[in-house]
Amino acid sequence: MKDFHDLADYSVAEIQALLDLAARLQHNPEPRALEGKILALLFMSPSLRTLASFQAAMSRLGGGAFVISPNMSIHGIETRPGIVMDGMAAEHIREAVPVIASYADAIGIRAFAERRNLDDDLADLEYNAMRDLVEIPLINMESAIQHPCQSLADWKTLDDIGMPKNGGRFVLSWASHPNPLPLAVPATTVKMAAMRGMDVTVLRPEGFELPDAIMQQARDLAAASGGSVRETTDRDDAMNGAQVIYAKSWSSTRHYGDKKADGDLRRQHEDWCVDEPWFANAADDCRFMHCLPVRRGIVVADRILDGPRSVVIQEAQNRMFAQMAVLHAMLA
Amino acid sequence: MKDFHDLADYSVAEIQALLDLAARLQHNPEPRALEGKILALLFMSPSLRTLASFQAAMSRLGGGAFVISPNMSIHGIETRPGIVMDGMAAEHIREAVPVIASYADAIGIRAFAERRNLDDDLADLEYNAMRDLVEIPLINMESAIQHPCQSLADWKTLDDIGMPKNGGRFVLSWASHPNPLPLAVPATTVKMAAMRGMDVTVLRPEGFELPDAIMQQARDLAAASGGSVRETTDRDDAMNGAQVIYAKSWSSTRHYGDKKADGDLRRQHEDWCVDEPWFANAADDCRFMHCLPVRRGIVVADRILDGPRSVVIQEAQNRMFAQMAVLHAMLA
Amino acid sequence: MKDFHDLADYSVAEIQALLDLAARLQHNPEPRALEGKILALLFMSPSLRTLASFQAAMSRLGGGAFVISPNMSIHGIETRPGIVMDGMAAEHIREAVPVIASYADAIGIRAFAERRNLDDDLADLEYNAMRDLVEIPLINMESAIQHPCQSLADWKTLDDIGMPKNGGRFVLSWASHPNPLPLAVPATTVKMAAMRGMDVTVLRPEGFELPDAIMQQARDLAAASGGSVRETTDRDDAMNGAQVIYAKSWSSTRHYGDKKADGDLRRQHEDWCVDEPWFANAADDCRFMHCLPVRRGIVVADRILDGPRSVVIQEAQNRMFAQMAVLHAMLA
């Protein structure tokens, strides 16, 4: 494995093999598997789970990791191509990325969506500019439109909670939030559930449709796995028989890059806070998933997060086991 | 060992066993004892010694560590219970702590006193809110009213400088400082010296009395060990025959949470800077202790810190050895 | 090896032995050579390459490292001697350095030039104040006037690109930059090339002469190795037959510590951006070196950095291998 970027780059069998490896490493530690190996972690955007879980993953396998963020260089790192660097930034990614990679056996890079232009973010412009500079094994730690480590962990979580290997009723729901968040998690999640052959419903208000290209890719993946993908604004319809609701807020795609218009629209939907009444039509043991961090009382009610439906801590822990498998496949 | 929180939770024999282990690891390294094991370090407050010594301790035993502080998450970590998270913080400790712990075999947490309400700080409200969320072995890296790692290291330092296993004359002295500092170190230090059966004098100006609950606990511990605890404002009386002076500034308990009144009172005592004349009545080889960081020329004169009385560097180094013992006892 | 401070402290044979060790560790990893050993990294100034490469170096040899920077302490670390600490800083280097060192088997310290007074920086006042406090093996990670790790890596890079062991034509050129940068890299570079017996030309505008003491030391080193050192403002003359140009901006020595006068002077030389026309008289395969970070379009044109002349990434990677040799020589 050289470039862990999009879960859809892999077959279901390949993903299952990775997760078998994850489970093996979870239950039978290999504390010297990556002895003398180094993982570079480049964070152009903030992190808590990813920062912690990758360092822990590498240490558990006997390797080492180091962390770089732009504020560690002098006055930050420039990302724009062809620029005359007479401003604050003293270093360009064209040097920083190859240098950091030169110290490591594998590198993880995080660069959130800029959220100015939807086409740029769908094309993953900033991340791909760095990706083009890397010749060693590379892990996408969340780019504008991808978050494959999250989806691999969520796939494992669905297995762990007893969802069938294929099928099941999955709702991806938009949720309220004060800020216009990136599309990476919903885009990667709808594809993940589709690849599992689930019947996927994307529940969101008007103006928050996922981009056509993402929806079409998800439908194609679902078709190949025997599942389906649809979207609706009707909560009762969406939740009918649901076995999993995956909540996440994201930017308005209608007003992408327009904070004012996005804010005006999202303020009309502050009632999109997942709470027990949402589950009236759902399967009795319908689970609640979220990638974290999550705003309590805004995205979801405390009683859901603190109750038996929630598997958010398991999802987060599975980040580590999933990433151990990716690192082992790359470097062992 | 599951929850290293208060030195007084342990018997003198248990502490001695821990310190025997510390000395063994100091002189006979075990660089693979914690192979594949991970320590999470959560700093809600800043750190230098604790940050460095825990990472070094874990590495010396062959394990790994990762560090998390609130600024690594997006806009910080919320600690208030039941709050609707519509402000800056994007994550709550109710998720952050279990997630961080899920990557680790043990976790250390630091959360300084808020210094608004004395009863809240004596009850260690913020730290205990996090402690309740942890199911793996937990180390208190300084909370509002506890600092057991400091006291364990100081106990070892007293042994190292040849103090008797039981007894000796110990002065804990308030010192000048521009800011109202937490009570954790004086509270934990008076108990530590009492447990050693020392004759302990707390020397402080009026208005800086240690809380009754702490003093009473210290007196009870002293009684069990054959020592004593008293307090005074009289420097000559306190220092008479003293074998150790442990200096530390702390907040006015009379004006706790009132920065203005505290400042007015502490400015009257800017002469509480430990210097050679303090030692006129003391034992010839009376030692100077401080937990660091220390303000030179404010808390203590340079000639004391730089002279033969000072054992502050040994105290700091013993943090590492003491913590290696705690980690070994928890995880090996 | 106890104190890696100035490349000129070592004979050419000793440097060659270190680089033989570097090459051996590069091609035959020793992932347990420093098992249980700890490197402390104290950064009083920012870092990217040094931060990453030292952590990677130590991990590749099976040891551990921890990083300390002033913002990790409460309100920073005081460096001035004899001061009454009633300001922001809560800790003095006189405690911080010995404490940090007490956790480690070796320590690296970085402290950039203050750039207020040239004599102070040539005397390396701030760095030497810390150096005096260290009793364990110490590595200079860049001080006001030294950067031995950079020079050791550059020496290896010159070997790697096929420069003869002795001799060759080397140009150290000042370059444009918006800010008055330290003298450490040019000072250490001119000495490194002189020690290799190269014919060294320092190319710089009037007002940017390197200090006499540095030039004299370089001339003495060159004489011992059969090389030469001269300086000029004439680009065509300097580049005639050059096999290597090492670009770097630095402060005006005429106006040292005077930002306004320095700025007025450097703005007259914004055309000192290395580009292809500079190479008209040079050897066909003349290489471009720079220690990084580098401002594109200011110090050097993109087409040089992105073209076959540039060896800047190799230089950066050789930092790791050179430092592995230093650490191995100190600790294995």
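Read from first to last, the chains carry the letters A, B and C; within each, the first residue is number 1.
In this text, contacts are C-beta pairs under 8 Å (C-beta built on N, C-alpha and C of every residue); 3 or more make two chains touch, one makes a residue touch a chain.
Values in this document were obtained by computation on a predicted structure and should not be read as measured data.
Visitor: Subunit B and subunit C share one sequence, so how far apart are they rotationally when you fit their Cα atoms? Give it in degrees, rounded to a multiple of 5.
Guide: 120
Visitor: Taking shared residue numbers divided by all residue numbers at the interface, is the value for subunit A and subunit B over half (same) or under half (different)?
Guide: Result for this pair: different.
Visitor: Between subunit A and subunit B, what is the gap in Å from one C-alpha centre to the other?
Guide: Inter-chain centre distance comes to 40 Å.
Visitor: Enumerate the residues of subunit C that touch no fewer than two other chains.
Guide: Within subunit C, no residue touches at least two other chains.
Visitor: Show which residues of subunit B lie in contact with subunit A when the two form their complex.
Guide: Contact set of subunit B toward subunit A: 35-36, 38, 40, 63-66, 68, 72-74, 78, 82-86, 90-92, 94-96, 98-100, 102-104.
Visitor: Under the definition above, what is the set of subunit B residues touching subunit C in their complex?
Guide: 29, 31-32, 46-49, 51-53, 55-56, 58-60, 62, 178, 292-298, 302, 305-306, 312-313, 316-317, 320
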